[in-house]
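Chains: A, B, C and D, in written order; residue numbering restarts at 1 for each.
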Amino acid sequence: MNSFGTLFKITLYGESHQDAIGIVIDGVTPGLKINWDKVRNDLALRRPGAVGTTPRVEKDEFEVTSGIFNGHATGSPIHLMIRNENVISKDYTHLRKQPRPGHADYVASIKYKGFQDYRGGGRFSGRLTAPIVAAGSIAKQMLPFKFSHQLIQVGSETNMDNLDAYLKKVAEQGESVGGIVEVRVSDMIVGIGEPMFEKLDAKIGQMMFSIPAVKGVEIGTGFSGATKFGSEFNDVYEDATGKTLTNHSGGVSGGISNGNDLVIKVFVKPTSSIGKSQTSFNLETQKKETFEVGGRHDTAIVRRVGIVLENAIAIVLADLYLWSKAYL
Amino acid sequence: MNSFGTLFKITLYGESHQDAIGIVIDGVTPGLKINWDKVRNDLALRRPGAVGTTPRVEKDEFEVTSGIFNGHATGSPIHLMIRNENVISKDYTHLRKQPRPGHADYVASIKYKGFQDYRGGGRFSGRLTAPIVAAGSIAKQMLPFKFSHQLIQVGSETNMDNLDAYLKKVAEQGESVGGIVEVRVSDMIVGIGEPMFEKLDAKIGQMMFSIPAVKGVEIGTGFSGATKFGSEFNDVYEDATGKTLTNHSGGVSGGISNGNDLVIKVFVKPTSSIGKSQTSFNLETQKKETFEVGGRHDTAIVRRVGIVLENAIAIVLADLYLWSKAYL
Amino acid sequence: MNSFGTLFKITLYGESHQDAIGIVIDGVTPGLKINWDKVRNDLALRRPGAVGTTPRVEKDEFEVTSGIFNGHATGSPIHLMIRNENVISKDYTHLRKQPRPGHADYVASIKYKGFQDYRGGGRFSGRLTAPIVAAGSIAKQMLPFKFSHQLIQVGSETNMDNLDAYLKKVAEQGESVGGIVEVRVSDMIVGIGEPMFEKLDAKIGQMMFSIPAVKGVEIGTGFSGATKFGSEFNDVYEDATGKTLTNHSGGVSGGISNGNDLVIKVFVKPTSSIGKSQTSFNLETQKKETFEVGGRHDTAIVRRVGIVLENAIAIVLADLYLWSKAYL
Amino acid sequence: MNSFGTLFKITLYGESHQDAIGIVIDGVTPGLKINWDKVRNDLALRRPGAVGTTPRVEKDEFEVTSGIFNGHATGSPIHLMIRNENVISKDYTHLRKQPRPGHADYVASIKYKGFQDYRGGGRFSGRLTAPIVAAGSIAKQMLPFKFSHQLIQVGSETNMDNLDAYLKKVAEQGESVGGIVEVRVSDMIVGIGEPMFEKLDAKIGQMMFSIPAVKGVEIGTGFSGATKFGSEFNDVYEDATGKTLTNHSGGVSGGISNGNDLVIKVFVKPTSSIGKSQTSFNLETQKKETFEVGGRHDTAIVRRVGIVLENAIAIVLADLYLWSKAYL
């Protein structure tokens, strides 16, 4: 349940307000010299700070307890742990009786019979994405590909230069917004992805929807391609390397990378926690009541999620890359 | 690679133009009395016939060689096999030198070193979805939920009453179109889905992108929700059963079913094979050349894919449903 | 449950008295030219015929419906099916009330709530090992290693030259016997096996105990090594290739192949079906009663199981061999 | 590789001389109130102290960073970590050139290209079994069964009352010995184990051979049953609950628990590290040379391994127990 991958395999643990979160990373090539600054830089990209992000700032200082010897990966699992430090837990006791709209409080309470750690979203917290960023950062160092991501849309704003002003206004209204992020992988090779159910896009789909707040995934052009004719949508091969003129298919044919840029667009829903008062059913009083979500939260979590999505995709690619090597 | 699921597990085999395609279905509840007419009806929904569908009509008569005794599932794997009969293989020899745009010919040729069965798309053929339909039909019989699907858009047409006329015109131009299908699961219960990477939406995402031609997946409102504020997007709980007024989250909170209808929207790209002549790089002559795709094909594969998506989702649900029972 | 392996993965189906048994083999190297005569020869080694083996002789003619094109593996799953032909089902109806000692009748009846196909042992039948032999025969063709097996002991007989006479006598008494088989893999390389739980011996252990009637497994010297001192048991390295003077460890160090012969000894229990009358509890009359097992059976199933064990080990090795290539 | 199980799933990390070893335990029933004293007691049973055990004593104080809230399991993974404290690393540098007989030095060096952490056996160290003991201790608290283990033989000694004197003598000779441990699980129920490859004995076999130094596994009577006739070996059912007069099958029929005591016998090889000088090939000088293994070690690791085997079997049972519940 909390593991992903086969040859490059991560196992995640932790809850928002317990002692630590962490990840066990299995399958890192023995001998890989890991650049930890890159890991720290990627974690920094995820951390809040910009307009529209939460005031709960964790330093995300991690400890690596195993799997590294003399600076190189040993071939044993790497265990990386991040202590939870900036934790304020008093805000959350009311969640047991009045589940917050958009959050997992209600389902967790039923599924885990009330035993879940409900503080700060518990295991459903976006905080759990920090170890994924770290693991993905290592994955990128194993791969010959180039990774990047960009914001395409935030709320109704599509000009990212206006973003700070736009988000300020949203926050002032006690509101939140979602948005769309594009992840791109360049310098791809042909042949990554295993039909039928370990297809490159299938595993990316699984991984993307594993990230909290993701509610839509497109490979290439996606939904807007519904209005296109086949002759427009088909990507025409230009040369023997498989390069195509257009890239409507987002670099994936039949579930296998075709050498063109991998392009994934992800919809991240508006942050569920908002400043405004909302209504929700109160399980104690048995009626709908107005309430306000306490705690600290992001106006636009989408602003921080790009590096999470990028690195999560790197984890998928590391696994399937190793996989493809097995049959060479 | 060709298996999906853990407790309800399918293993798929077959290629478009070889002797048979089939599926091994493991984890069917012992004692389940399978209604084979329902399986046949679902297979019929996938078969061509309507305007915009291919003239290659397979009877899809299946043989069940094991796992059933006196009409009931024994608890052993059920093996269901469909012979390929209406096969015309002479059309495909040219694919080795000139890969068809939009198809997997090129990547397969690299990945499988030229040894793949390229006839009729081989293992990448939509024909492989027939056993998935059959398995999903059995999955639905194990589950207390109600499944349905509907076409939302085909090409630029959103009024399904106009569809036959619209597709006739598309076909006359030698073109193809894609579209959007919505699958809905009603009478859901709370608690299906296992965080972190076996989330309900994560497994649905994996499964949907495993189906040929799928290039986009949304849970609930999806991408169009980017312009909504948090207060609009959040689904407000109405009562103690978890029913919400709106369903922007598509029945999934934190990767777990919340009791509301599960709503999945899927983008299916325009059929890659078109009547019109196209260009593609010729690996023999080493230049781009005009060519025409031979064979028989669908103008709008999206018209047949609804039952595939619906039943594929049933397979995901059967697996996670059994999973949730283990912890009760 | 009915699948084994990751990169080389088999999925087994079938029951003794239903239409067919078969196997889906995923992960065969694309381009491998399979020698089907070798597969047939291995299946012949498993078939009865010798003294002490059952008169139910199946031809084991198999059909390959997919995964092969122009004589080569395509990279898609290979599906191989064997029809059950020499089936006499009338003998088995009484098993529902009086479970046979040594057989799975009783546990199957509880676990599968009476819905299991009890005829001829159903899914617990040794017949299910035929597809494993076939898959292992293909696995051996993928591997650079040399496989063999030999009988070490049958009942109290350790001189295999006396075997026919010995087994004749056992059969005349209405008895059965078990025995010990040794499988040996030569021309091994160093490095096959993945710690911690995918160790070479761990996966062999799992596979061996998956074969019906196996109740003991040793790697190398095994239990008799309990009386040895460390200085005697330790295998001393002779040269840079890792060759050792002795081979008490059976070719496995720390779960990884060490380049010496892989030596596995397997205990196969006496055939449960015997000619003699036995007692067992009758669930109908609710008392212990004498009865005779009907049907046709082997006096010494151990005489046929060697090729099953050998080929099952080849399946394990194929999987871990591909696995080790992924990290090169 | 470092994960085991499906519904109850452990992921192990750590190396003997790095900062910590630990385990992520996924699938603990939400709400389980864990008795940590039991965990500590089990860890104490594994710790050295008795005659014949190593002077490296670790306190095995563990930290639980997640998965527990108000004393109960939350349903999220439990992460348990043990710091390595009593570490003396200077002893191990010579292992790179002269691999110790019986150890994994040589294979690790090849497989991990020299990057493995060779200090104290690295990941191959018996130290890694401490987290397995802890996880198994939790598993036992989830299960209604009763677990025990006993030493059957140590070296040539079968009277455990003489053991201290015997081991003193062995140690004085600079020797080591192995032995045989029996694990027994009582109060079993019928139906645990999933044919074909997730059989109860198959998974136990995999798990037992995953434990360092295990080189033989028997279910029930085992190898000595080779001389028995079928009429002697068959366990006769006494009543409707499945109880049998004898228990040659060790509580497993057809891979499924039959309600009788589960009996597993395990051969543990003599400790590879001995006081006596030995010879081994020196990769630097390219000839066989005498050497002495430094460091601290057990004369009879078998004396400490019983609780490891018992708890490792509990992990297998927890997984298959949850599994069997899914199909109820």
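Rule of thumb we're sticking to: a contact is a pair of C-beta atoms (placed from the backbone, for glycine too) under 8 Å apart; a residue touches a chain by one contact, two chains touch by 3 or more.
Treat the numbers as computed from the prediction; the structure is a model and nothing was measured.
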item: Most distant chain from chain B by Cα centroid; value: D
item: Chain pair showing more contacts of the two, C-D and B-C; value: C-D
item: Averaged-CA centre spacing for the pair chain C and chain A, given as whole angstrom; value: 45
item: Centre distance in Å when chain C and chain D are each reduced to the mean of their C-alpha atoms; value: 25
item: Distance from the mean Cα position of chain C to that of chain B, given in whole angstrom; value: 37
item: Sites on chain D at which at least two other chains make contact; value: 1-3, 12, 27, 30, 75-76, 111, 123, 195
item: Interfacial residue positions of chain A with respect to chain C in the complex; value: 6-7, 27, 29-30, 75-76, 195, 322-323, 325-328
item: Chain D residues touching chain A - in the complex, by the definition given at the top; value: 1-3, 9, 11-15, 18-22, 24, 26-27, 30-31, 63-69, 72-79, 81, 111-117, 122-123
item: Complex contact set, residues of chain D against chain C; value: 1-4, 12, 99, 101-104, 106-108, 110-111, 123-124, 128, 153-156, 170, 173, 175-180, 190-191, 194-199, 201-210, 212, 215-223, 225-240, 242, 244, 248-250, 253-258, 267, 269-274, 276, 278-281, 283, 286, 288, 324
